[in-house]
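Here it is, the structure in full.
Going by the order they are written in, the chains are A, B, C and D; count residues from 1 in each one.
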Amino acid sequence: MKIPVGILGATGAVGQRFIQLLENHPWFEVAEVAASDRSAGKSYAEACTWRLAGAPPAATARLTVTTTDAPFRSRLLFSGLDSSVAGEVETALASKGHAVVSNSRNHRMDADVPLLIPEVNAGHLDALAGQRKRTGGGYIVTNPNCSVVGLAMALAPLSRAFAIEDVHVVTLQALSGAGYPGVPSMDVADNVVPYIGGGEEEKIEAEPRKILGAFKNAAFVPADFPIAASVHRVAVSDGHTMAIFVRFAKDVDPAAAAAALASFKGEPQELKLPFAPVKAIHVLEGNDRPQPRLDRDRENGMAVSVGRVRANGPRGLKLEALVHNTIRGAAGAAILNGELLKARGLLA
Amino acid sequence: MKIPVGILGATGAVGQRFIQLLENHPWFEVAEVAASDRSAGKSYAEACTWRLAGAPPAATARLTVTTTDAPFRSRLLFSGLDSSVAGEVETALASKGHAVVSNSRNHRMDADVPLLIPEVNAGHLDALAGQRKRTGGGYIVTNPNCSVVGLAMALAPLSRAFAIEDVHVVTLQALSGAGYPGVPSMDVADNVVPYIGGGEEEKIEAEPRKILGAFKNAAFVPADFPIAASVHRVAVSDGHTMAIFVRFAKDVDPAAAAAALASFKGEPQELKLPFAPVKAIHVLEGNDRPQPRLDRDRENGMAVSVGRVRANGPRGLKLEALVHNTIRGAAGAAILNGELLKARGLLA
Amino acid sequence: MKIPVGILGATGAVGQRFIQLLENHPWFEVAEVAASDRSAGKSYAEACTWRLAGAPPAATARLTVTTTDAPFRSRLLFSGLDSSVAGEVETALASKGHAVVSNSRNHRMDADVPLLIPEVNAGHLDALAGQRKRTGGGYIVTNPNCSVVGLAMALAPLSRAFAIEDVHVVTLQALSGAGYPGVPSMDVADNVVPYIGGGEEEKIEAEPRKILGAFKNAAFVPADFPIAASVHRVAVSDGHTMAIFVRFAKDVDPAAAAAALASFKGEPQELKLPFAPVKAIHVLEGNDRPQPRLDRDRENGMAVSVGRVRANGPRGLKLEALVHNTIRGAAGAAILNGELLKARGLLA
Amino acid sequence: MKIPVGILGATGAVGQRFIQLLENHPWFEVAEVAASDRSAGKSYAEACTWRLAGAPPAATARLTVTTTDAPFRSRLLFSGLDSSVAGEVETALASKGHAVVSNSRNHRMDADVPLLIPEVNAGHLDALAGQRKRTGGGYIVTNPNCSVVGLAMALAPLSRAFAIEDVHVVTLQALSGAGYPGVPSMDVADNVVPYIGGGEEEKIEAEPRKILGAFKNAAFVPADFPIAASVHRVAVSDGHTMAIFVRFAKDVDPAAAAAALASFKGEPQELKLPFAPVKAIHVLEGNDRPQPRLDRDRENGMAVSVGRVRANGPRGLKLEALVHNTIRGAAGAAILNGELLKARGLLA
């Protein structure tokens, strides 16, 4: 018997990825799909204009879409809601006892909500005890912004092995990150746009510090190094590329840094969670890698790829990172979070 | 009577741009075209597969292509030679008394060769006195790498107004920068390549320091701040975009920095050289500019566009710059150099 | 003294092209700009998000936007209105005595409205006499759909020289044809869409027959051959490419067909209208031409390019045509229509 | 025990697809890899620059590359050789007793070589009896050009159900069809190229007629309707799109045609060959399908997708077809051919 789960925002871009990725999941089964009033009452097949390859899974296509204030029988709800509504809806559902595993930005920086990357900060789940006291039983767990997942995973082993002083990151982000209809084609035809709305740079500068920080004395203590980000939209369907400069307190050998990246692992690998990549970070050898088209799908899109780890003076490194923004950077990240909750007994 | 000029490497990507841009030039007239042995003896129309829009200018199409060791009657030679041959050919032609204005990389860092951006370091032409003593009369003047033109022009007013401590730059470079056939289409289809061969990062880290440095006591003294670069090829036809982080010795106000950029000018503007942009740097207001498709052609591709000048802590700035890589970043840069030489009386 | 003109739909994609192309026009001057209620009362600079390269002309930027029911002092109005409103607005303005030169589809097939390509069917202006009787003085003249301009111009000389039996055409249409925001980028990223809404195929199958037909006994008589169209959206910024198959009643020599195309001209060339291309059709020699990036801007985007004129059996031809869809296929087409009206004394 | 197979041209674009697709094949195992002299003696990992996603299968990476004149112990050889060498090499290997299943064009139109699409013309294998008499035991079987697979599969059910009079087809072909380095990126950046070298149009006009014809009295009799093709290269990574016009001898109902397409099947489906798609042709409902990015991977890239089956007069149809050019249109096609040979006992 699989665990029934509900999908919030099921007809949207992230919701569709949830449904695609959960088809044939060994533990979870999509039992409920919720979306806006406009969709409610229709079959999922009718309500949804499927924009991923192929067609929606037949079992989900037959489900009737409900609104997000319907009573859900699934304890676990994956949320791909738009940030314009996610805040209140998720709060309400947590207060009704649900485990809300959200990809939305609204609660990421809340004082008792884990901003979770299972390989990096599984210990932040300790915050749930306090949160549940507040809500009366349910809770919210979030995953980071799509770029942040790649950045924070690349920084985690470096931060553990060496003391980081500061970080500069420039992103080249894929079109799918903007949802649908998202970016008008004329904006990226033969073009690059050096801007992404919705506070993208601010998120990239803030979220990794919460993730790479500690949860101590019932409070999150962010990592103490600053991050400066400059973001770009490029004409790539999927896969965010990042050029990262890291400066350390002491001299760092690029080969040692690459080794720390390549051996990085965490609870998902130890527990062999279904969506866990065997290797969390793939350190690639070619001097022109990672590349979105060639590397975004490594380990079904759940591994982060890193390449060109090279010196920038004795105390600095330059490196490139790549994350599949709608899998490891969104729906897949949330599913892995859900798996960790299950493995930890937090869905009981 | 216009001044006759010769084009070296006339059938290549840069050579074609020279010929396109020099059509109807008020001072210069393409009188001679030189290329490899394979092309010599043919008409330019026959020898050249024209890859720019439209067709080659009729007057040039009729010229007979010579080899680069032919005797040239033009004093001024513009070189778009491939770096595999440019070094020796340009040296030989300078020793024969020619003014060689080169876009090739070979002599850029030579001890007595100006690496010239007329708005920035016209004073470096003082190095010609020593060079001409060495060659016996002729000389070589070079322009920088296509990305470097944009970077050095953006840094020049900042470096003059404030003391720079270090620079990080990430480039998103256009396909035309690789010449023809250049980058295979499968490498950039739905993709980004985080690497450019030919020592691109090294050039970007070194050339601006020579340009922004001084020529004192018969020697170039490079600027004393380090530059760290990370380069990418993106699927854009023309126009290199750069995300730049600058750290200063003291606090810098972004508005003051933007004002310094917007008012930047030099000898080309004062002398009203034909190819000089009215404003060397266009500081754009939109929070999503500059963009290659919309901004690369400002002032016929000779202006550098800058946008998003914003704070990065009290002593830091983030900004975006854009340069038309085959005009201001290559053939147009060389033509402006030739115009300055003429205006200074160095072609007499 | 230039002739003042008004632009309807001035802030939209077509309206912006009108304003860009009319800057420095020798006869016309943009004196009035009209758009929706949302824009009315603002300066054009404020009301318009300029999406073409660079910035709007300064003189137009200062104009105050009016609504389309404002009284216009310009006799000549260029309309780039959206088809949801163009029908009624243009009718009303013609009834007030204006010469409405429209790019919108609404009145193209009306029984007394010329669907005009000045090189092809200038004689259709005879329909204005009847129309003006109906309206009381003003009138509407339309230009065809963006693909149709290229198709009808390519077919016109063939239809005159030889008897056409049927036509098959497949289009590969540029993104700008859909306006802004138009096509979502995810729809064309690494993709082709074999469909264009708004009855595109129907227009391509009907409009050329009106254009290539006659105006006799106060009625339009369409050309008698059928056209079958299949349309596609491709990831190109500007320039519609068309693969055309024509079957004739008798044997046709490809060289004779190419000669007929190359020598094609009409009133715009004879009258030397400002926007008339010197050669209406450029017959290109390369076996891989025309191409949008290389050929769309021939004669400032006003020439149609044709290539690969080759046999398809003794009575058939295959050929490729290219038209700059937002210049010759839209705003530029309307301006040329306006010029012909002026030259014919129809604006007096 | 799996059947060992050799890959000819193993390091090339088609060879890499063979190796990728054959990893974990239930019947076949890549045992030998052959390429040019330059690669011979190296491990496959060393010899090959892998250009597909991820990395080559570990088992193949360890194999040592041989030349194509090495003795092969595998009876079955899949050939992805370049056409400059495939002709002679394949002839020689057939004469040594091998079953050469080739993707190369050289022998496709030979008088006793099947040009095979197992769903369409499995009966053409009867030609092998004669061929083997000639060679002394070995034989060559070919698959069609990448576009032709899609076209011939779409025409087969129409040709069987109704009498075709003529066909017009326009292709929009993917970049991967040109191999590597293939098309220079500058040729397709913001562009379409209305030409493909190597006789692409001629192949599309000839090959389907052999495939859809008969093998009677020891000779191939081509289908009797003409095909006219016009080809284009577009900026899509994988997936050839085709706009097809078919004219019939009698009236045809589009719904009946769609039904004939949707129910099309052949020996691969009956025999449940490992690479056989469950449904050979997917008839899609959306009015904007098929699209390369969304539909090329249906049934692991082995199904052809068809959409927009609509009337073109009473005796005509318009439809769109899509084929994954490097899977169903190349390596996957050959593998399915190999599977049919095995199932028919022709590898014994």
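The criterion applied here is as follows: contacts are C-beta pairs under 8 Å (C-beta built on N, C-alpha and C of every residue); 3 or more make two chains touch, one makes a residue touch a chain.
Please read all numbers here as calculations on a predicted model, not as lab measurements.
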Set of chains whose contacts include both chain B and chain A: C, D
Pair joined by the larger number of C-beta contacts - B-D, C-D: C-D
Chain separated most widely from chain D, comparing mean CA positions: B
CA centroid of chain C to CA centroid of chain D, Å: 42
Chain B-chain D separation of Cα centroids, rounded to whole Å: 48
Residue numbers of chain D (touch at least two other chains): 51, 189-190, 235-237, 293-294
Chain D-touching residues of chain A, taken from the complex the two chains share: 51-54, 189-190, 237, 293-295, 297-298
Parts of chain D lying in touch with chain B, wherever the complex brings them together: 51, 175-176, 180-190, 235-237
Residues of chain D touching chain C in the complex: 168, 170, 172, 189-195, 226, 228, 230, 232, 234-237, 241, 243, 245, 287-294, 307-308, 312-313, 316, 318, 320
